[in-house]
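Chain nomenclature is as follows: A, B and C, assigned in order of appearance, with residue numbering initiated at 1 for each chain independently.
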């Protein structure tokens, strides 16, 4: 057996959506390539992150591994079991946490939910109760254990979902946006739990929070339009763009981003405009020189007034921008 | 001075826009009701098979009664049935009962399903956060249901008439339309009540089923009203459809209509309609407040 | 602690097999009760439902015959006690509807609410998901049958032949096997078709029309009679009622049992194949969470 807990080889998934008129007659066929020949191996005990904007293919990849979606081609193994041919074993080997509060029963209490799922993982009632209480304790949910999930807060429900994925103490965890929409305290709790208590687990984590990936992951795969664009440790990824500076400007007005992209020495640029203010991020070899160029440009064209600027070390977002021309938040 | 600060405050707290300047709260927003009804009809048209099927399905529900009548009473309508009902053709009797009853069934299931669909698709809360009076949304839903319901009822009537070879008096058409119209207005009130109950109990499928099966049981659809025990008969008359079924059945089968009886029926239906509207609106308003206090609208 | 955690996973791993599946099915059935009883109206519905179906039939029958005897029915099936005939027929049908409708609806609900995907990530067999739901509806519908029959005996003077209870239960077992095939088919339709419940409504209404619930199939038009012979529901109702009315002296026993066994084989194979294909298709489309 190899030392990889997850092995993904040339995994592709194409969805075909058919629009129909009057029930039968297809009017439009649309192909969406959600995954394009993705390969990724995760060694045992490592945390890997999939970082990318919405629709990049992160969830499809997780669902393929979770045996919820059949890939069009390619293979994937979890804990050495092929997700297509030995799907039962693969499922038994992993815990799946989709950061979706709807994946538990709202009409049942936290405890009832966990006991129920424990039984689906073959535990007898007494053992299931014990395990549920143990996890509730670890999640600080014992006080609310008998409250129906519908009466709990969003954060607490997510904690139940998370506890559910740990119910059979699986060696592999697939965490799909586990902290999405959580308030900061809950998110921090969950992250430190992953960091401290799940050291022996192999984890594949999807997120579009860069600092989360930076903090938790041993290695990160940057994914966009179904392809892994770059791969490495957070440090390595940032190292790749270390020769560049990231210039952040707060501008009153809306400068034309297409024009800025064409300015000499601009490596990449993105803009986010809200209420007449624009956040402009530009990568360039020398951030201070670029600041001068841009200040001149905006003064000359009157396209904006710079209120504040800052030259920063590149972040993962800058790496992503550099690679894809898109920001992860998009 | 104090007056001045008050005004200042007002100016800061209200931001204005074209929309807000022309906005006035209304007790009834007819255009919103129409928009909502059109939306429902448009969605319904995406599934044209639905309307056909709903016109056809009730046939499968009442055919067993006709078959049962054949099994326990023989192929001819029994003397006992004629004696208690006053009609000598069981099939002719049942079909017209179903034709009218379909309106009741529709107003119960229609509103229930509307809510269920909106709740499941997550559009109920956004819908209720628009500044449109809730009553307009409900009425809109009711309009579209009436239109669909009428198409279905007509399909059912024509289909059953041709399958079972029964016919009805043509002179009945005008009075039938009058009775149906008043009855449908009354049913809207009934529908509001059901909608309110759905908001509170949150499980539309069980509630609508309970209400529809119970009202079916006490309605004189497959049997004359005097086949029911006395107290149940009284309850049956509280449903707007009961008078409707009896009146329309009499006119359609005998072809003769008595002005006095007819105007009494219309008056009674009108009275029921008013009562149901008042009850329905009160129930719905109460239910809405109740759910808002508990913040349960999106959940189920 | 670490050591103990290892064993949790190891233990689960070693507990493969029928017992594990049974445990999962049981958990699913129990969970369904918990969910149902958290809706205040469900309890009321549970008690009232068996009667809502049966009472209109009795009222209509009364309006037609004017009494408890029917000469026409005697001519057709040999008994003039139409109330018992209908009470037994509709009691069994209540169970069948609960099984078919209930199971289809339950999975639909999981899909709508968002828990179906989570269930699919557990190591139980996909079929167990359906069996668990069936188990719940068998309990649910079974209690309904008992409730309705008890009330029928007390209120409407229905009489049962007590010797027929065990053979009637046997018929129920045979019937559940065949129904399983139908249920798997229903589940497929519900999971795949956008307006699946309508097709299910259509299928179940047709099955009920051609089943001998409140009339013998002899009164059906000839074409429908052929369909009726091919439906496991027909033989289940006939067998169930036959044994409970005539006891072990029931003359149609052989026909009903043989027909049920044959139909069981056919329906289980067809339903099972269909389910396997559908489950693959749904995963291919990635549509588990869509509706």
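A few notes on this one:
The rule is short, and it goes like this: a residue touches a chain if its C-beta (ideal position, glycine included) is under 8 Å from a C-beta of that chain, and two chains touch if they have at least 3 such contacts.
Given the structure is predicted, the values throughout are model-derived calculations rather than measurements.
When every chain is represented by the mean of its C-alpha atoms, the one lying closest to the mean of all protein C-alpha atoms is C. When every chain is reduced to the mean of its CA atoms, the largest separation from chain A belongs to B.
Between the CA-based centres of chain A and chain C the separation comes to 44 Å, rounded to the whole angstrom. With each centre defined as the average position of its C-alpha atoms, the distance from chain B to chain C rounds to 31 Å. For this pair, chain A with chain B, the centres built from the Cα atoms lie 48 Å apart.
Each of the following residues of chain A touches two or more other chains: 106.
For chain C, the set of residues touching two or more other chains reads 39.
Residue positions of chain B touching 2 or more other chains, listed in rising order: 47, 49. Residues of chain A that touch chain C in their complex: 13, 15, 60, 63, 66-70, 88-89, 91-92, 94, 96, 98, 100, 102-108, 112, 115-117, 119-124, 127, 131, 148, 164, 168-171, 200. Chain C makes touch with chain A in their complex at residues 2, 5-6, 8-9, 11-13, 15-16, 20, 23-24, 26-28, 30-31, 34-35, 38-39, 113-115, 117-125, 280, 283-286, 288. Residue ranges on chain C touching chain B, taken from their complex, read 39-42, 44-45, 48-49, 52-53, 55-57, 59-66, 70-73, 76, 82, 86, 105, 112, 195, 198, 201-202, 205-206, 208-209, 213-216, 219-220, 291. Chain B makes touch with chain C in their complex at residues 47, 49-50, 53, 57, 60-61, 63-65, 67-74, 78, 80-81, 83-85, 90, 120, 201-203, 205-207, 209-210, 213-214, 216-217, 222-224, 227-228.
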